[in-house]
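For reference, the structure discussed in these notes is given below.
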Amino acid sequence: MDFSLSNEQRSWQMIARKFAEEEIKPITLKLDEAPDAHGTFDWGIVEKGSKLGFRTMAVAKEYGGEGTDYVTQALVMAELARGDSSISKTFSQNWKWSHLIQQACNEEQKERFLRPFVADHRFLLGKGITEPTAGSDNRLPPKDAPKAGLKLRAERKGDEWILNGEKCFIANAPVGKLFFIDARTDPNAPLRQGTTMFLVPSDTPGFRIGKVFNKSGWRFYRNGEMIFENARVPHANVVGNVNTSDMKTAQAGDRTGGDLFGDLELAANALGVCDDACEQAMKHAKTAKQGGQLLIEQQHIALKLNKMNMLTEALRSYVMRIAWEHDHKVHSANAGLAMNFSTDVIQEVTEINLDIHGGAGGSEAARHAEKLVRDSFIWSHLAGDSVQRLKVAQRLARMTAPGH
Amino acid sequence: MYSLHLSAEQIEFRDTVRSFVDDEIKPVVLNANRLDIGDRALPKDVLDKASQMGLRTLALAEELGGVGADALTCCIVTEELAAGDAGIATVLAETSALGLALFGAMTNAQRDAFLPAFLEDDRYHLAYASHEPDTDTALGIDYHRTTGTAHRVRTKAERNGDSFVVSGVKDAVVNAGVAKLFAVEVDTGKGIGVLLIPAGTRGLTVNENAEPRWYHGSCGEIILQNCTVPADSLLQGSANLRGEPGRGAPLAQAINLGIGRAAYEAALDYARLRVQGGRPIVEHQAIGGKLAEVAVRLEMSRNAVWQAAWASDHPAAQADRSLPNLPLTAMAQVFASEAIYRAVKDAAECFGAMGVMRDMPLQKYISDARICLYSGDGNSDLKLRIAEQLSGHRRAPLLAAE
Amino acid sequence: MYSLHLSAEQIEFRDTVRSFVDDEIKPVVLNANRLDIGDRALPKDVLDKASQMGLRTLALAEELGGVGADALTCCIVTEELAAGDAGIATVLAETSALGLALFGAMTNAQRDAFLPAFLEDDRYHLAYASHEPDTDTALGIDYHRTTGTAHRVRTKAERNGDSFVVSGVKDAVVNAGVAKLFAVEVDTGKGIGVLLIPAGTRGLTVNENAEPRWYHGSCGEIILQNCTVPADSLLQGSANLRGEPGRGAPLAQAINLGIGRAAYEAALDYARLRVQGGRPIVEHQAIGGKLAEVAVRLEMSRNAVWQAAWASDHPAAQADRSLPNLPLTAMAQVFASEAIYRAVKDAAECFGAMGVMRDMPLQKYISDARICLYSGDGNSDLKLRIAEQLSGHRRAPLLAAE
Amino acid sequence: MDFSLSNEQRSWQMIARKFAEEEIKPITLKLDEAPDAHGTFDWGIVEKGSKLGFRTMAVAKEYGGEGTDYVTQALVMAELARGDSSISKTFSQNWKWSHLIQQACNEEQKERFLRPFVADHRFLLGKGITEPTAGSDNRLPPKDAPKAGLKLRAERKGDEWILNGEKCFIANAPVGKLFFIDARTDPNAPLRQGTTMFLVPSDTPGFRIGKVFNKSGWRFYRNGEMIFENARVPHANVVGNVNTSDMKTAQAGDRTGGDLFGDLELAANALGVCDDACEQAMKHAKTAKQGGQLLIEQQHIALKLNKMNMLTEALRSYVMRIAWEHDHKVHSANAGLAMNFSTDVIQEVTEINLDIHGGAGGSEAARHAEKLVRDSFIWSHLAGDSVQRLKVAQRLARMTAPGH
């Protein structure tokens, strides 16, 4: 048992903390309060972070990345999220898919895609799964409805595949240069047996971005529609085998870090937001007065500070544990459970912080407190809705012996 | 005799306002721009139509030309309006409630001066200016203590012959941007009084863009600089137009109820249409159970609001122990604000990613319910106020003024 | 017309029962032995006195010799009794409710046979034997599905000339130990019927020590072995004496309310006396805020119970849309059982270590409220039943029988 | 970062798990259901456990104890609590006070008390603080009421101190052989400056046990009144200095493990109870059927299983973290926060378990589920009432810089 950090982990944490303090915090509220979805993004912060390695943290050193372990990745995500949750996510989203490239792609593909990704500070990655009529069906394919799930069609034509259809609510879609796309290659087979994953560059002919979504929280994190009209993708861009789907877990069990990283990612990001909220609340309680008395001298305020710190430290303990478990390929339902837990914690903690600030009054601190609450609601559907919890429950059940 | 039957009139009111909301309000407000929480614009023509239906003068006594609706009816109507738009509901509820209080407290001369215009002009709204910057009622630190801050009024009204000269600043004034008459709490030197000051009076400036921007409808700051009004603009009798703390008509939570119901109905409709897992999602236990909890929280909140509303009109029911002698409105606020916020969040969750899109209604409902949750002194202070009454502690009303 | 005024009679009833509880019940039950959750003994003489006050025949129609109290009054009385002792309240509430249902459904001949004894004998209690071992209504798996288990009745009543010969086992029969008349759900071969079987009939055995020992008052198993009763013991008409699912009088939660109020009043009294931190603990924000939350939960629960009780007597109020067309009793059960359990736990917390001592009341209240929380099919099933009604799903009543 | 256990830690865990399985579980329900407070205790299990070292885990090897670290102690408490929470507590209560002896007593006292303690398998320890009129006042002495707090009076008489007064709700009182007793030695000074701690053997003249309390939960764990009528305690039994009070924190900062161990103790014990509840619930959900279908196939059951496991694993992560922090003398408010957290978790988890069992029906499993809920309520006043939370909040505030 050892909770201390290695020097390398500690130094990454410090670099990220400094970047969050000096570069992210000064711009986060302004970007959040931009009226339209386009004013919320800033390439400058992406490039600055990329130069420090925050874009390529998860790429192996041999490909020019930072090759950090999961513990370091968790620490950095939390520190960046302490500055702005959606900026942290914009960076870590690339880690998620570079994990996938390294786990699921062949050598030729790695060379072809990882090198340019590492070289270009504005090269962002994404993955398209969700479609207007297929959300949770992709995550929990129903037994009694084999045709449920994504409909985007891909048909082989010589050395190419022709893609037709639509994806929606795709992160990084408006800013990404390369996307993983799940497409139906056998419309008659159930999802898992009829789907193939493709690598689709943003300049693929027949492929374009549709509507850009304007979110109430996580506003920096771009999200949009993808439209495929006879989009032509070379066969060489097929990831793994045709009709095997869901490479990120299928081929390599849970070890690829695709899914599992995604769970850790949201939990670690939430942790950073909670740290921010706890810091803001304590600061306010120790400086603001009511009737001449510091807020913190009141029991109801002290009890709220206790609760938000209690939940945040419990989350921190859990996040660092699963990060370590990932580094040691420990099999469990913990990553998913921690992600679910982070949903409950980030929402409760940010709401308490807003409460301590007395609602979003005019002060910057109060508006910031309200932003955190809006950001936290993203967890409801990404990390903590009933489908996310049922999926983990199934895993839990599988991991305990039958009849026990 | 205990009865939960609504009168035919109440049900008709509800139906009328509900179709007004469907036909006139929703088409205007349920569009991308208006759903953006940044948008503060009030659809004036919709407000005019509502006024022509009598919703602006809903609570005003019949003999004074109003509808004379009781507190329960006002809450029912306000819930319906808020199910369409919380901002519209807030403006009308505030003017209606102040119409009852102000014109009830006026002398005949004052009524003659202000009532005709109020009745004629569909855009004649009212505002009550009480709160001042950097003041708080601080019940927290006053809890069971005699020390602590009093309800300070720094706005001074100096008598000068036949007039008062008023100087000071009031903030968080509901309806500031639409009011044609302000009732302003001032210190006259002889105590705290309420002055009637028409909008446009020289020396009175309204700042609609003042922080906090944390309200429904219209809210802002008014600055008084040597604003001169006739001496007979002073209201007679008690300065406290808000009634006994924690016991007035729970209009704020009636608005919240409307917000919660709109979110719930949207979620239920969607859950019956949206197919995942081979069937409408409402047919999955997880979604069905969640919607049931939402429905329960809303129904319990409505019980609380209606109970408090009715009680505010029937003090006898607390006197004869039909109802407990407790601040039922404060209790309704504490319960409903928390229950509805959770309900709206759960409703939004059913929409997945659509629940956070700024051109979709759900994130607006969440934001609106959040405003209801974190308003005024907050629920922690309200709970302490309730606790003082449970334990029989009495404090000077002004210390606990709402 | 909406009114929360209780009738003079209802208030008088409440006061009378409240002093009966203070003078007769509390002295008997608030002692170390009786507070032990292992103690199942019912103070028979207290029950007799309650019966002489008319509480055993409270709901029975006046023209049949009962008090003819409505559902609301029954809930008020039951809450008061339960504030003294949940067991006593349960026995009386069950007999009173069954008195209304059974004697209402009887033929004149049947009434002549059973009513006089019921009216004369203070110890004449009633029981309804419906549930059978290893059966469940399994709404969970039936949710929005047509498949799943029906409400099975395995107890057979075979016609034999002028009699029925009954064999089978019923468990979880409330009042099993004190009932002098059992209404037993049987399969007559022509469908499900209800047979009236007096205690002591040959072939009828009562097992008071059967598991589950998870109830208030008296509960047990009855075994029928070739138990022969006259054919005219069969009740006419619908077998379902429980009324429409989720819509009956919420007596179970009225009992829970009494439990919760007893805990709350004990905590408030203690918090006003116990001095720590230099003042009565109620004067500390942490305790005051907690007690306020307890009071709010109880008041909201009472609103729910009273609403459901009144609605069960006034279906017209749902027809004319004064009330929503929802299973209000099921909703009250879901809300109140959870709210009161939390309230009782919070109340107990104020007592520190004394809150867990078996010779002190608080742990008894917690245990009693826990029984109310985890009873019947549980709240998860109830929420699914509510969800089906929200989404307009209709199922055959027996599938959803309570 | 390392979550793995050393071989020694692992082996202690296994010994404790085996003991809980084979020795504790078979008797726990019977003892819990004993009608009176005396039938709930069993010396046999105490002796068996003591022979395996569970009574002397925290005594240094040089004094013949096991000299285990906090991580091992946390593991063993959790495993024993998995069998029975109050049996685990009966053992660990001795660790708490042997920590105190080692930290606060002088060499002569250590020799005089630790040796016989280690030698006798029935030698149990306790500490008397609470009095009828002084509960939270001892934990949070009010500024504005200096005389508040314990009243038990001790007056010097030659080489002896004469104690008069009463203690109540004292754990192990009816079965202990040696007690720490806080007594007022300067009635005019505030609590912290007027109190002295004494070592009082159970056979001290003038000292006797009064009422034995009958609790609704934790029934194995004995609890009683202490009555002092001119009880004569040699001056040599004074712990630390006269009028310094509260040795367990005062003298050695937070390092003594007295208070801090107590926080870890309740959190680790709760963890074991939660493990038990999760195991029972999963077993039931995978075997019991409703209408021919396994319970676990229903979403509302799966969601409950998710929640109870999620909270339990979060608690495990937090408990192991603070155990490690104790071993490394890390200063923080975490021990207290984890204790508060364990209150919320143990109650929620055991209540869900009871819910899944459909209330305490007749089956042994259901009665066991109900026992866990009763046991869990003890946490409300020991670990999670408002005083426990306010105390930790004050510590939190102290540990963050003023104005921040």
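Labels A, B, C and D are assigned to the chains in the order they are written; within every chain, residues are numbered from 1.
Just so we're on the same page, a residue touches a chain if its C-beta (ideal position, glycine included) is under 8 Å from a C-beta of that chain, and two chains touch if they have at least 3 such contacts.
For clarity, every value in this text was computed on a predicted model and none was experimentally measured.
Participant: Which chain's C-alpha centroid is most distant from that of chain B?
Facilitator: For chain B, the chain whose C-alpha mean is farthest off is D.
Participant: Which of the two pairs, A-C or C-D, is linked by more C-beta contacts?
Facilitator: Between the two chain pairs, C-D has more contacting C-beta pairs.
Participant: Find the geometric centre of each of chain C and chain D from their Cα atoms only, then give the gap between the two centres in Å, rounded to an integer.
Facilitator: Going by mean C-alpha positions, chain C sits 40 Å from chain D.
Participant: How many Å are there between the centre of chain A and the centre of chain C, using C-alpha atoms for each centre?
Facilitator: 51
Participant: Note the residues in chain A that touch 2 or more other chains, in rising order.
Facilitator: Counting only residues that touch two or more other chains, chain A contributes 298-300, 303, 386, 389-390.
Participant: Can you tell me which residues of chain C touch two or more of the remaining chains?
Facilitator: Residues 140, 279, 284-286, 289, 380, 383-384.
Participant: Hey, which residues of chain D end up touching chain B in the complex?
Facilitator: For this pair, the touching residues of chain D are 298-300, 303.
Participant: Applying the document's contact rule, which stretches of chain A touch chain B when the two form their complex?
Facilitator: Listed in rising order, the residues are 35, 37, 130, 133, 135-137, 140, 142, 144-145, 148, 169, 213-218, 223, 290-293, 297-298, 300-301, 304, 347, 354-355, 358-363, 366, 370, 373-374, 377-378, 380-381, 385-387, 389-390.
Participant: Once bound in the complex, which stretches of chain B touch chain D?
Facilitator: Residues of chain B touching chain D: 284-286, 289.
Participant: Write out the stretch or stretches of chain B touching chain A in their complex.
Facilitator: 36-38, 136, 138, 140-142, 148-149, 210-214, 275-278, 284, 286-287, 290, 345, 348-349, 351-353, 355-359, 363, 366-367, 370-371, 373-375, 378, 380, 383-384
Participant: Residues of chain C touching chain B in their complex?
Facilitator: Residues 1-7, 10-11, 72, 140, 143-144, 268, 271-272, 279-280, 282-283, 285, 288-289, 291-293, 295-296, 299-300, 303-304, 306-307, 310-311, 314, 316-317, 320-324, 326, 328, 331, 334-335, 380, 383-384, 386-388, 390-391.
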